Amino acid sequence: MAEEQFDSLEEKIGKVPKIFRDLKDSNPELFQSVMGLDHLVWAEGCLTRKEKKLIAIAIAAAMRDPHAVRAQIAGAPNLGVTLAEIEEALRVTFLLSGMPAYVHGRAAAEEIYNK
Amino acid sequence: MAEEQFDSLEEKIGKVPKIFRDLKDSNPELFQSVMGLDHLVWAEGCLTRKEKKLIAIAIAAAMRDPHAVRAQIAGAPNLGVTLAEIEEALRVTFLLSGMPAYVHGRAAAEEIYNK
Amino acid sequence: MAEEQFDSLEEKIGKVPKIFRDLKDSNPELFQSVMGLDHLVWAEGCLTRKEKKLIAIAIAAAMRDPHAVRAQIAGAPNLGVTLAEIEEALRVTFLLSGMPAYVHGRAAAEEIYNK
Amino acid sequence: MAEEQFDSLEEKIGKVPKIFRDLKDSNPELFQSVMGLDHLVWAEGCLTRKEKKLIAIAIAAAMRDPHAVRAQIAGAPNLGVTLAEIEEALRVTFLLSGMPAYVHGRAAAEEIYNK
Amino acid sequence: MAEEQFDSLEEKIGKVPKIFRDLKDSNPELFQSVMGLDHLVWAEGCLTRKEKKLIAIAIAAAMRDPHAVRAQIAGAPNLGVTLAEIEEALRVTFLLSGMPAYVHGRAAAEEIYNK
Amino acid sequence: MAEEQFDSLEEKIGKVPKIFRDLKDSNPELFQSVMGLDHLVWAEGCLTRKEKKLIAIAIAAAMRDPHAVRAQIAGAPNLGVTLAEIEEALRVTFLLSGMPAYVHGRAAAEEIYNK
């Protein structure tokens, strides 16, 4: 069961999981808590996972967190997110957080989608 | 901040902030540029305006910008955004930006939706 | 059981809990997840709860989040944290995040401790 | 925030915040260090104090720190800074940090200059 | 006409332009809007372009955005900005945003100016 | 970034960054001021230097400043800080600033402690 949780997490947050994977043995309680939170964040509800992914990409770019941007975008193609949708989400980032935030997000998106 | 000051600020950072409306006379060139950008950000495209509004709310909360949070949420009901959708968007904010960001966003949303 | 969890949370994060308290009925799954994470963060371990509280105050000030600063400091006296300890923690905030961050943290601390 | 609280905060984060003045007795060593740093930052050099003030206002707005914005702008008229100069500096903030940062800076500037 | 706009933008924001250059064909409307905003931000007015560049460098450093810092500084020599002026601007960043912000800005400035 | 560049940067943002050492000759007044501030921040007082170091690591991670994170952690082993203590401090960062902040801090800590 935990393996699918990992795979699912990997898909969603790219580079992150190894650290949480280590938690499974070293700190199973924290591991379960983080997995549970992650599940509640990403579960389909009023919003689809695709919509949530676009929100996550826009936030990560707005916060100028290059690793989070790449990690979020890495999982986007599997959810059916298109480059054009990411670009539109990043326009909101531009308005709320400035041009450099947009540029970082878009540069990462093009690198991942066009490779 | 006094209540009137707050109302005045809310008024200023609505979707077309009063400050930008004032630009129309004092600086028509900057006014046109900002309006044009605003239009390009919010126009229906791959994403609906409702989806963009949820992205904007999530970003504003993630950046812990209380006025931007309130200004963005203030325009949400008119676009058909529900409180439950905002709550789900804010869970992404929680994951990427921490509990206080979620709490601020949710407190503002409840205040605006439940009044 | 949940009541003590609440009281314990209140003690730690001041204004926050009402929103999470509402989760208990509206969304018990998210409620359990957040409570579990909270427990893992604040449990005594290598670091005491008092040390963790000082870390939380210093972070909240560094991020210029006035509500989080006040919420964290509100719970500090009950853990035996002194004003002098907060002031020293905030010096680290000054170095890493600038004078305004220090000033906000210190102003909130003095207001709460000297009332 | 009540008006008196606000005045009190303004007083605290003026150019030599009240909190630092209190340090003079309680912690003369830290007081000297902070005063020395403050002097080195604001002294006329390659840049005039007026130019530095505009930089400080633009940074404070970019960081969405409402108290720092007000505190920096409060000292601007005495240095001969005009509202038009602040507005131009804030356009750089808009480009690098988004519309809400510009709006907050401009709202504070107009309030202080037009009262 | 657009070519000079590009060159001018390149000068100002370093690595950024390629992404906006692509917009010229893929999205001419957004391209014009961004170019127009950029022009209004950087045009000589009450403040010189050199003063605006120093403001932009100080903001980018304060926001700990390494790519924006480098992009802004890359355009500084052409505007006659000296390393000593950047260093003074970064002292304001130190005061408002902490030592690491100053260090990143200064390290980037020295690398670009001393190569 | 090339490996040498990275080493060079690490060198620059160690506890007394190379950049500040250079100040000793070029600007002895600023050098003295920064050294004095640094001393006052890190001196043993109510809090031990080890506790202050944990606070600094947690802040740097919360601010998503990868160089500051590495610079702060680099000095941690000499103060007797353990990897487990850093991990607990970073849980506070998780709660207040989100999962990516925790992940960056932890990844840097493991790299430095396990090499």
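Think of it as A, B, C, D, E and F in the order they're written, each chain with its own count starting at 1.
Going forward, a residue touches a chain if its C-beta (ideal position, glycine included) is under 8 Å from a C-beta of that chain, and two chains touch if they have at least 3 such contacts.
From a predicted model like this one, the values you see are computed outputs, not experimental measurements.
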item: Contact-graph distance - origin chain A, target chain F; value: 1
item: Most distant chain from chain E by Cα centroid; value: C
item: Reference chain D; chain at largest CA-centroid distance; value: A
item: Proportion of interface numbers common to chain D and chain F (over half same, under half different); value: same
item: Approximate Å spacing (C-alpha centroids) for the pair chain B, chain C; value: 27
item: Whole-Å separation of chain centres (CA-atom averages), chain B against chain D; value: 26
item: Chain centre separation in whole Å, for chain D relative to chain A (CA means); value: 36
item: Interface hub residues of chain C, defined as touching at least two other chains; value: 30, 34, 37, 40, 60, 63-64, 68, 91, 94-97, 99-100
item: Chain E - residues contacting chain D, complex; value: 37-38, 40-41, 45-47, 51-52, 54-56, 58-60, 62-63, 68, 82, 84-85, 88-89, 91-97
item: Residues of chain C touching chain B in the complex; value: 13, 15-16, 19, 30, 34, 60, 63-65, 67-68, 71
item: Chain F to chain B touching residues, read off their complex; value: 94-101
item: Chain B residues touching chain E - in the complex, by the definition given at the top; value: 29-30, 32-34, 36-37, 40
item: Residue ranges of chain C touching chain D (in the complex, touch as defined); value: 64, 91, 99-100, 103-104, 106-107, 110
